[in-house]
Amino acid sequence: MRVHFKKSYDEDIRLFEDWRRAAKYGVLIALMTALPFLISDYILGEVTLVLVWCIAGMGLMILAGHTGQVSLGHAAFMAIGAFSNLWFMSQGMHFLIALPLAAIFTGVIGAVIALPILRLSGIYLAIATLALSIIVEDIAIVAEPYTGGVAGVFAPPIEMFGLTIDRYGSPKAFYWMCLICVVVVTLGYANLLRSATGRSFLAVRDSEVSARALGVNVTRTKALAFGLSCAVTGLAGALYAHFIQIVNYESFLILISITLVLQVVIGGLGSIHGAFFGAIVVGLLPQGIAILRDFLQGSVGIDISAYPGIDTAVFAAIIVAIVIYEPLGLYGFYMKLKAQWQLFPLARRDMFRRSKSYLKTERMR
Amino acid sequence: QTRGVTDDEIVIGGFHDLSGGFAAFSVPAVEAANQLFEEVNAAGGIHGRQIRYIVEDHGYQVPRAAQAANKLVNRDEVFAMLLSLGTPHNLAAFRVMDPNNVPSVFPLTAARQMLEGPEELRYVATASYYDAVRAATGFLIESEGIERVCSMYIPSDFGEEIHMATVDEAGDTDGVEYLTETTHRPDESDFTGALARLREEGCELITVALTIRPTITVVATAKQMGWDDARFLVSSAGFHTAVAKVPGGVTEGLYAGAGWQDLEARMDTPEVAEWVAAMQERTGEFPGTGALLGRSAAEALIRALEEAGPDLTLESFTAAMETLNYDDAIAGNRMEMGPGDHAGATEIFISQIQDGGWVLIDSVETE
Amino acid sequence: MKDLNHNVLEVRNVETFYGPIMALRGVSIDVPEGQIVTILGANGAGKTTLMKTVSGALDPEKGTVSFLGERVDGDEPDRMVRRGMAHVPEGREVFPFLTVEENLRLGAYTRRDGGIGDDMEMVFSYFPILKERRAQQAGTLSGGQQQMLAIGRGLMARPRLMLLDEPSLGLSPLLVQEIFAIIRRLNEEQGVTMLLVEQNAQVALNTADFGYVLEIGRIVMAGEASKLLGSEDIQEFYLGGGHAGGPREQKRWKRRKTWR
Amino acid sequence: MSLLSVTDLAIHFGGVKAVDGVSFEVEPGEVFTIVGPNGAGKSTIFNLISRFYQPTHGRIVFDGEDITNTPAHHIAELGIARTFQNIELFDHSTVLQNLLVGRHTKRRATWLEDVLHLPRSRSNEREARRAVEEVIDFLDLAAYRDKMIAGLPYGVRKVVEIARALACNPRLILLDEPASGLSVEETSDMAFWIEDMQKDLGLTVLMVEHDMSLVSAVSDRVLAVAEGKPLAMGTSAEVQSDPKVIEAYLGTAA
Amino acid sequence: MDVAQLLIGGIANGCIYGLVALGFVLIYKASEAVNFAQGDMLMLGAFLGLTFINSDRADLPFVVGITAAAICLGAFAYALDRFVLRAIFGQPHFAMVILTIALGFILRFAAGSIWGYDPVSLETPFAGEILRFGGLTLAVADLIIIVATCALTMVLWLFFAKTRLGVAMQASSQNQMAAYYMGIPVKRVNSIVWALSGVVSAIAGVLFAAKGAIEPAVGLLFGIKAFAAAVIGGFGSLPGALMGGLLIGVVEQFAARYAPSGTAQIAPYALMLLVLILRPGGLFAQIAQKKV
């Protein structure tokens, strides 16, 4: 196990605690940048979608993981991001302006919506956001001039620096664009977490009472977290619109919100890594299952597709298995692997056996 | 070399809702299509090629539909898409299908947008909800002497079409007035308030664009309120054997306008009986709307592939599709296409529930 | 009389972990029938962990726990209660949304006899304020009142062995005296065996028959309570004796305990 | 002028008169202790001062400013920090992070600066770390700096709570039973710390405590309350020898 | 007149929401877990009832069939908790949320595989029967639903408030470790309450099916609304669940009657937001401020 001897406060404030870590992430980014040259367009498209989910997941993670406020209606904010981005573009705005503007717009709407529903917490907040997303669904139909009504709106191709960025026409460029967004959002998120603002989020999550006693304005903090979360989710929504290329009210149904919650919990609440792990599971697992199904049918002759819906059932069963094996999400699993690797060969096999644990009421806040 | 076509195989794709709210359409449709494909394959396939129908599940989520389309087009390299379900889902998939010249054959959505786009890549099986409801409304206005029409709908692409059809038909007919509408969500389960309002307004004919369960409740509630002279008309989405079978006769008198005929009444037709028996054997159930649509679409595809000959290309397929002209015994309609006409059966059948079964009262040719 | 040969509770070589953290490193203790045994130890020594391991709230990784001659390690905590063990946990742990009375009744959950009402009156006589507040939600009681409730709830089980984890926490001096008087009385009159963890070592040793000293997950000393009271180390580290006379500044020079 | 003055404070919960006409003044630089039987209303007085409860009656003045209607999250900024009887830490954070939250009122960078990590955010961070390290040093918490709260023993948490309150740089610190759950040795450490807070840091301390050895060791003045009403006031020795206090609170053996 | 009829319709329908909401509340009350598969339990109950009752299936008398369905679903729910959910005992509630969401998918798949995907109707002895008094009409099915819901709410409320096991369940939800220290077999108690919730779901399912057709996806939509009803009532309160259901049911009818079309369908959700903003803990708030 490596031990750090810290010599200045900056070492704690820095993003990476040492050069090894920095190098590790450097290699990862380099690999991700080179990815389009290594894989087929089909897989690249899937990876791109995973990147979009990563951003959306980070959006929800800020709220659910770091501020302890659950939203069951985050797809609504993806919708707001998507529709506003497309509307800004249809007004002749350049994509590079429309994209951040859509995020800001969604963030502001989120913060405004947050104000009245801030007094809620737990499932009460969850159901309120769910209601909101149902209402947004209907607004998306009524607000036809902006959203195209039931028919929806098509995303125009993005023209930038003399080249056209199109999910199918130029998948590599689209991928890189998403990658840049992911990196930027991740950096901002990491910055947030190492600052006073990020800590006030954690404080509100763990104990509102002491947060208040320490001078944290709980209402304002929650509104800020909600706004930031919505802004990031809105950004993801805008990218998603360009990925899917046509969006209508049905592109953002409740099931998408639920999938997002599933994603952050499976990934591991309360860590940026979790948003990524979750996105990978939610984004790639169904495709993996489908490919495995085809493979089974093609090579072994087992035709599980004779049971309609089995793909989803298998997906659900795997989720069940993950939750049972690792209730705190894949991030916990990742940390264990890491610890065992570092302790090798001293690690005990049963070192991470779960000890009995008990819950207490969360109705006292 | 045509994509998805090898010497011994033709790969067809489809994305479906096998696990979400529309599984009631998708699952039987896939079952029926597979039933026919298995039959054809067992008989040696089409020009020596076996049909492989790869079905992906999207659970009615657009992103998963886009993923499925990406897989089917870019990985499995399918020749065509058959019966894919969902309006935004299909629209999103078109973006990857069109550049790759993958035709969309009879998607499971009656939205009018399914015919927009490159002509050689778009085929729909029957008239849209719009046409069907409009024709049926017109028929009822005439035959029942109705002057005031209304509608109850879910504000969605499906609901809006039916609503618009009602409004347009009333607007285009002299002496008929479109009065009002009530809007709903798919999760609603009681309609006392909505019906009270429509009754107050004096509606005589109400077009209903709801899912099956609420449709049953609407008709039952109207009866319960003693509102006996109201006529309710559903589209193909509500034209389901289960609706007629509700115990207690609560759905008696309901009208439907759809692009096909109910199966039960035609069990004396040998093809129908044979197919129903085959499906019952396969699924243990009397085939419903989804199965019928699946069967029709698969049959049309088979016929076109057969017609296109051993040298299967997009061009030969397009040509073959455009020559389709036959009586679909199972749907009870006429499948007919031609150059520039990629909508198959365009006749509208108007049925009513009488004595626990759908009875055909009339048919109307659209266009 | 007190039979030293018959142990109600025997703990042998118990090792308990919190994930990778080892909190008990091979602890063995005996609690003889009818005695009061106390466990002393600094903060974080593992006293609470030991109590939880005994009552089944935690499972030991190694070692055994026997209660009334039966091996019980790995059992669920409710089985212990049915066997006659009551645990008054550290930090109150009352049911906040239930009333005082409901909390007390739950203390007698496993009992089927008719004496519950009498026992409730007994608890009320010890802590009259609880009677006054019998219909109040336990979560709105003051800290000390909750502690009284937790102890009272433990008494309601009429156990053979009672585990008390810092029962005097947050109680007024008057009540601390009363609590220990109650402990002694129950022990003498009803023969309840007690395993007691207490920061106030003076009172604990005065009350107990036998004592163990736990440090960093190990038993470092054991003996008759009276002997321990006389021990110099105990004097110095647990009773605040030692250099009590010396200047304060001298004690501020953080001395490390000999066995650390 | 007194730093904190409480006048005729009262609050009722349904039929329970938790605090019922309590007045006292805390002078700058003193250690003022409130004692009283369980349920006397001591913690409630703290909750009133830190504005978690709205008094039904009475006035609270801090440093000449009436804070009877100030929102709770402004209290820390004014210079009042507190600890809790039942320990309210941020369980899923490290000790260091807990203490850093204590510096919340001292930050100057806005959230946007934080997200972009602009220089002011960084200098805030450095400054917060420096201040927190001083507290860690003062309370000897270095060994626990990067430990999660969830796995710490009770006694250490108690100290972390005090450290977090100190990290606020308060003028008045409210300690609710700082020694409960501490061993004899730790309690005497606590006495030194409180003395240091008073002498070295120049803090005013308002404390609730049941351990009379600690109360006698550090208090300048003691107020005894019972059933929400004041019972006696004076030096520690005076109050402890008051027969009413002995009867209601101390018992005969003390 | 009109208003009275609307009220009756709303109440009858609200009772169904309330009935399903009871299932949510039961589990929450005993473990503070939210069962996102509750709607699917309703669907299972309906299909089980249909299997026992319909003439082309087991063809049992209605009351026998509903009892059999209740027993089966109760046993199933017990087993589900015992063999699946117990594996994450003591883990954060989030894990339970995800687990039940995933189980919902599996249940829908299973139901589809067993009973098919086409809508089917339940045969009831009171189908289409209507009671008239004055100018008002009430379907017999509705009457049965109202009576059953009120009775169930009452019985369950008494059970939780008065019986030893009921109080033990509440205790288990508030502090699992302390409940264990009282000798309450918390895990078994959880399984029992799941079984109980299964029984209630089966009854709800059969009554729900009596008003129209069912298919595997039916729980998905309906579950959300019942969840909303439970939350409006103050999640954890049994009378609250009923009140929440009634409120949604009645508002729905009045909105459909009087609100401008195009907005009527979102009225219940808008109302729910309003209620929660005004009373953040729902009508019968079950949350409290922590005493420090």
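Labels for the chains are A, B, C, D and E, by order of writing; each one numbers its residues from 1.
Everything below uses one rule, namely that contacts are C-beta pairs under 8 Å (C-beta built on N, C-alpha and C of every residue); 3 or more make two chains touch, one makes a residue touch a chain.
Bear in mind the structure is a predicted one, so any value in this text is a computation, not a measurement.
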Given subunit C and subunit D, the chains that contact each of them: A, E
Label of the chain whose CA centroid is most distant from the centroid of subunit E: D
Averaged-CA centre spacing for the pair subunit D and subunit B, given as whole angstrom: 71
Centre distance in Å when subunit A and subunit D are each reduced to the mean of their C-alpha atoms: 40
Where subunit A and subunit C are represented by their mean Cα positions, the distance between them in whole Å: 47
Residue list for subunit D, restricted to those that touch at least two other chains: 43, 52, 84-86, 88
Touching two or more other chains - residue numbers and ranges from subunit A: 134, 138, 142, 209, 308-309, 312-313, 356, 358, 361, 363-364
For subunit B, residues that touch 2 or more chains besides their own: 19-20, 23, 26-27, 155, 185
Each pair of chains that touches, named by its two labels: A-B, A-C, A-D, A-E, B-E, C-D, C-E, D-E
Subunit A contact footprint on subunit B (complex, rising order): 16, 18-20, 23, 26-27, 30-31, 54-57, 59-64, 66-68, 70-71, 74-76, 86-88, 91-92, 95-96, 99, 113, 155-157, 160, 185
Complex contact set, residues of subunit D against subunit C: 13, 16, 36-40, 43-44, 85-86, 140, 151-156, 177, 180-188, 192, 210, 212-213, 248-251, 253-254
Subunit E-touching residues of subunit A, taken from the complex the two chains share: 116-117, 119-124, 127-128, 130-132, 134-135, 138, 142, 209, 254, 258, 261-262, 265-266, 269, 307-310, 312-313, 315-317, 319-320, 323-324, 327-328, 356-365
Interfacial residue positions of subunit A with respect to subunit B in the complex: 40-42, 45-46, 49, 134, 138, 141-142, 149-152, 167-169, 240, 243-251, 253, 255-256, 259, 283, 286-287, 290-291, 294, 305, 308-309, 311-313
Sites on subunit C touched by subunit E in the complex: 55-57, 76-78, 81-82, 86-89, 93-98, 102, 105-107, 109-110, 137, 139-141, 153, 157
